[in-house]
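Look for chain A in each of the two complexes below; its partner is chain B in the first and chain C in the second.
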Partner chain A sequence: MIKDITGRQAIILMAIVMCATKFFVLPSNLLTTGHQTVIYVMLLFFVVEFLLLLVMVRVSMLHPDKTFYELLCDSVGVVVAKIVYVLFFVFFIFKLCINIIETYTFFLDTLYDELSSVLYLLPIILLAFYMTYIGLRSIGRSAELLWVFVFLGLAVALIASIPNADFGYMLPIFDGEVDNAISVLSSNSLWFGDYLVYLFFFGKIKFQKNYFTKFAIVCGIVMAVIVLFMAVVYCIFPYTMGMIHYGVSDITHITAHITNIGNLDWLNTTLWTFASIIQTVIFAYCAERCLSAVFNIKYKYISSSISLLILTAVLFILNFRLTTLIAFVQSPVRFLLPILLFVALNIITVHFICRSKQKKQNRMRGIIYD
Partner chain B sequence: MTKKEIRKGYLAILIVALIILLPIFIALPQQAQDRTLILAFGIDKMQEQYEVSAQIMVPESSQSGYKEKREVKSSVGKTIDQAIASLQLNEGKDIGVAHANILIINEQAIGEDINSVLDYFIRNRDIGYLTIATTPNSAKEMLEISANSSSDKDSLLRLISYNNENIFGTDSTLNKLLFGYYSPAQTSIISRLQLSSSSSQSSSQASTQNSTNEQSGSGESQSSSGESSSGQQSSQPMTAGNSQSSGSEQSSGSSGEQSSQSSKQILNDGSIVVLKSGKVVVTLDPLQYRGFHWLMPTKSSSFIELNNINNEYFKDATVVLDIINSKESIEYEITSDNIPIIKFNTELEYSISSIQQSEYDADIYAESMNDSTDVISKALQNLIDSEVQGAINLSKQYQIDILNIYDKFHQKYGKKFDKIVQFNEGDYLRDVEVYVNVKVKENKI
Partner chain C sequence: MEKFSNKQVEEKLKTIFHNSTDFKVRKFISLQKFDTILFFFDNIVDVKRLDKEVIEQLMQNFEVDDNADICKFAIENCLTVGQSELVDNFDDVITKLLNGFCALYFDKCGKFIVLDVKNFQSRSIAEPPTSAVLKGPREGFNESIATNIMLLRKRLKNNDLVVSQMPVGKYSQTQVAIVYIDSIASPEVVKKVKEKIKAIDIDGIVDSFYIEKALEERSYSLFQQVGSTEKPDVAMAKILEGRVAIVVDGSPMVLTVPYLLIEDLQNSNDYYFARAPRVTFLRFLRMFGILIAIYLPGIYVAVQVFHYKVLPYKFLVTITNSTLGIPFTPLIEILFIILLFEGLTEASLRMPSYLGLALSIVGALILGDTAVNAGLVSSPAVMIVALTGVLLFTVPDQEAQLSILRLVFTLIGGILGLYGIVCASVFLFAYLSNLDSYGTPFLAPYAPNIKEDKKDAFRRYDLREMKYRPKSIPNQNKIRQKKL
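This part shows the complex of A and B:
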């Protein structure tokens, strides 16, 4: 099998995808009612997510030549695999909607007075189609070029904002009701689970030395940064979270206002665009892979076109409105991620059981296992 | 179709799109043609109606380059929205508020709850972070004076911010105001601007023209502030007793710099308006506010006058100190009797800025400097202690928690403090005690 991306590119892609949309409206959605307790609950959630991700990495390293779909078919059969991939397709279409509408509204509010949704969508769809068609390799290369700018923007935002945050507002720990925090987190579950993208890298990564360790360190840092970012936003606006629209913009905006150094948020907004674009392209790629697997579509441009047409239709149904999107995402649709997590967990467990049985049989036959 | 063909096709589409779009974007009209660019808002109340004034920018090109001409337009409505809609109608253009960064509210317009005035500005996503100031005078007139001044468009913002950043650390922004409004303490503070005729005021008072002055200007502004604030007390909705007014009469030494202008000037004397649940409860003059400021993390360098200093060299001398450095720690504790205690420890480093006394002997200058550290240190200790205690007493009197005492105790003690608040029926400031420990050091370099 042709290896599309290097281990380094896979790590960079995961780092960008995991944090790109978590810094826009999510802080406000979570912290307005969840307060600081939600940050502690999120931290625990991330620990579980991190461990699950490491299991995925280990499985991908054990089967470097198999895609996740092939593993699924081997473990649970073709029919179940197709059902899982349909769920994944729906999941990625929703993730794309979140990404595109959030970014569109972000631009509309921070940079433009008027911005046509069609004019905004057109280049994004064209880019997504092109990148999806060309394949994971070009996405990985783009991410390798752009990651410095993305994380530079984030670093500037954090470094400039931390002095304005009073971290005393993180106390007392678990001050609010934990069940309320869990409820808030589950209402916004579709903003999480970005790490499931890794399943679509299976069989396409050219593993390098110390890949697992590097992966664990980088993803651990990214998750820690997300938690730190949430804490910074909350500690700057503990009582006015409901009025915060875009975390990444607002924290730098207020810093610029205090320090009188101009519109720092514009610089940050521009740099953060790269992360958003990479995430859009990756989700489009995953959606295309799902459609291709479910319907056995041979030609990429067909599966890519169909998935992007479905995305466009959903975006127009949602009318590009952030409030409609939030209401939609917080509807029962939010249970999609827990279902997928459950499925992924079970499949991995089944796979390991099958594998250990196979190992046992091989040992009994006296064959040295690879 | 091969990948190479698709790549070529895509490139062709991109080039065609650029060729089509470029002339469209070039031909777009200037935004200034269909937008009124607002720099600052002013709100006054006329009987039962709001008068919203907007300082707008009218860009003009001239032979020497680009000129920023400013005008003030106003409109009246029953609500802020109505007045602004009317303003748009009168102008025949939409309003562009992305550059608006100042809001001046007449104290009459605040009414029972400032939130009713601010709601439009909070909900409008195009407006960035506003710096807010109140005024007992006309907000419209204030904007007009600012617009007619020769200084640049940001001079009014600097006038408010200079005081905020360099003297008293009053963060007078919309965000900070709402932070206080929605906090359990429900207490917010806003800077206060006033109009004064230059013929009756010394030029040491900050004006739009001199707002960019350097550090020396800040000291003058502070010391002159007491004079004007005490003079303005009768016009304020509710004014705390000026127990330390003696400090406000300190001369800045700039009386010889009388301004020749007879027009009105915008004055920031450092006084602040304190709101509880959005309603003005008290106006504090700079010296009263300084008592709170000692306990604030934003504390910055400032000048302090010590009066009636006496020892073998000084007779009823007034010594002006420049605070160079300060390190402070504040501990919040609850005793076994459920008494909230604030322990304030500070280490100050000062240098003597000037000494004023009637019979000053220049020969003993050096000797007096070396031997007077103790008496000055003690006077400084007493001053800080009395100012801090005065601030806490004011807090108790008006139930204003400027220092966010609630948050500090709640963060440390959680439910234990909540019980005290419940027991005191919300008046948690009633039993608060403060202990002040000041260490001072003179910088003689």
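This part shows the complex of A and C:
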């Protein structure tokens, strides 16, 4: 099997995907009603997510030449594998909707007086089509170049804002609103679960020395940074969270006013857009892979076009309104995706590990394993 | 070949060359008894050598056995020309004659003796105008393939240096030489280059650019995928890294493959006099220059049209004051100045040099100043285009591509603002990272990341640190040096 990306590229892609859209409206969504407690609950949630991700990495290393779809087919049969991939497709279309609408409203509110949704959608759809068509190799290489901008954007945001944060607002750790925090978190569940993207890198990574350790360290840092960012946003605006719309620009904006050096947030906003675009492209790639696997589509341009057409249709149905999407996500449907994707898939992952161990033991006993 | 008479051979060759007036025939009696005929093209052979080393020698009085092979005898005993061979078919004789050889035929012999007496005039070896150095070798290639190969052989005195020459072009029969070090270059790359050159079916090769287009894996791409140099020292360094050089007769530009984008940031001066930290600084400066040259007009237009709020107040006031009363929109204004600038550049390249000074005065001073005073364009716009115009030349080899990109980013900035510029940048990066040159990623050593190769990329390490040949370039011999 052709190895499309290096271990380093996989790590960079995961790092970008995991944090890209968590800095726009998510801080406001979570912290307005969840307060500081939601940050601690999120931290615990991240620990679980982190462990599950590491399990996935281990599985991918145990089966370096098989895609996740092939593993699923081997393990649970083609029909179940296709059903799982249909769910994945729905999941990634929603993720793409969140990503595109969020970035659109973000741009509209921070940098533009007016911006046509069609004019906004056209370049990103064309870009997603082109990049999914040329494949993961180029996406990985592009991310390897662009991560510098993403890192710079985040660094600017944090360095400029940390001095203004009073971390005393992070106490008490749990103020008796844990139930509320969990409810807030589950209402925004579509903003999480980005780590599932890794499943689509199975069989395509050229593993390098100490890959697992490096992966664990980088992803651990990324999750820590997300938590830190949330904490900084909350500690700068503890009483006015309801007025904060976009964490990543607002914290820089307020700092820039203080230091009187002009509106520095545009630089940060622009740099952070790179992360958002890479995430969009990766989700589009995953959606295309799902469609290709479910319907056995050989030509990438066909599966890519169809998935992007579906995305465009959904975006127009939602009328580019994040509130419509959030309302949908907050309906009882919200439990469906977490259950299917977070729990079921990880049971399958554990199954793979058990199967692999069994294989190893059988080999040691001299049994030929099919 | 049949044993034709001299008359028959003369008629046949004259017919083949359509009685061309520069096709000369000289008849004489050699060794006092053999009717001999000599064919050559005037102007491309050294007539003095022809007289002295061929005719004069054959007119001497040698004792020859009647049954002896006269051709063999002449080569072994009479002719003093260094390179001679026997040819027994007309096709080869024609090729040789056209390449500056003379052909000798003894009556009813059935074989030609072809002798290398060519004398193609060429420019002397001089410093190339496109890549001058402050300190370091000043020799440059010229239009003669023989001279260019000599310049490479002079620097690489090794039995592993291979020169593989072949004619290309139906009418021009231009000699194209593939030069590489057999123990370093990748056989796959050499094979691929040879195949691509052999596959060329064209009337003539006017310049190495014709070969470049055939060597490129994506010939419609905006970006060049084949390196070119006019300096033998640069070509030598590239050959030593495992690249393959292609020398084309009639062109001073020697091509090299595989090619990386980062090569354009490197300059001969970086290796000859500047210390490593200084080189690192210069390379970052070049990169910065490229970024400013491509993005600045686009960002300026985007900020003016869409994002004026992001500017600090004083800066905004300055720009607003200077653009007050300008009849064009910011996009049209900057496009107008860019096109004006491009027009002046194009005209200055084609204009006789004695008019160059006048043009620069008319262009830069009168047109620019008058346009601003007339209120057609604003001063910041002129300044931005002039600045980017100069910065495009921080990497002269990519100037053409960069100026196109500048135009594209300006248009996108004017239509979509910063969001469009970011999207276009990601597209550009994706496109570049999808380019490969003979198995080498175009953006190596950064995408994919190759740690060892970064020692001579944006940051240049000391020569002692560069122990290995670039990993990104396929080669057979990894180690460049043990210890300096």
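As a working rule, the second predicted complex is superposed on the first by the 340 of 370 C-alpha atoms of A that agree within 3 Å, B and C clash if a C-alpha of one lies under 4 Å from a C-alpha of the other, contacts with A are read in each partner's own complex, and residues count from 1 in each chain.
Simple rule for what comes next: contacts are C-beta pairs under 8 Å (C-beta built on N, C-alpha and C of every residue); 3 or more make two chains touch, one makes a residue touch a chain.
Just so you know, these numbers come straight off a predicted model, no measurement behind them.
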Partner chain(s) touched by A:130 [first = chain B, second = chain C, both, neither]: both
Chain A residues touched - chain C or chain B, whichever exceeds: C
Touched partner set for A:171, first chain B, second chain C, both or neither: first
First (chain B), second (chain C), both or neither touched by A:113: both
First (chain B), second (chain C), both or neither touched by A:238: first
A:121 touches, of chain B and chain C: first, second, both or neither? neither
Contacts of A:31 with chain B and chain C, given as first, second, both or neither: neither
Set intersection of chain A contacts, chain C complex versus chain B complex: 113, 130, 134
Residues of chain A that touch chain C when the two form their complex: 6, 8-9, 107, 111-113, 115, 119-120, 123-124, 127, 130-131, 134, 137-142, 144-146, 261-263, 265-266, 270, 273-274, 277-278, 281
Residue ranges of chain C in contact with chain A within the complex: 306-307, 309-313, 315, 416-420, 422-427, 429-431, 433-434, 441, 443, 446-449
Residues on chain A engaged by chain B in the complex (per definition of touch): 109, 113, 126, 130, 133-134, 168-169, 171-172, 175, 237-240, 243, 245, 253-254, 257-258, 260, 301
Of chain B, residues touching chain A in the complex: 1, 3, 6-7, 10, 13, 31, 35, 96, 98, 101, 122, 125-126, 128-129, 131, 161, 171, 173, 175, 178-179, 181-183, 407-408, 410-412, 414
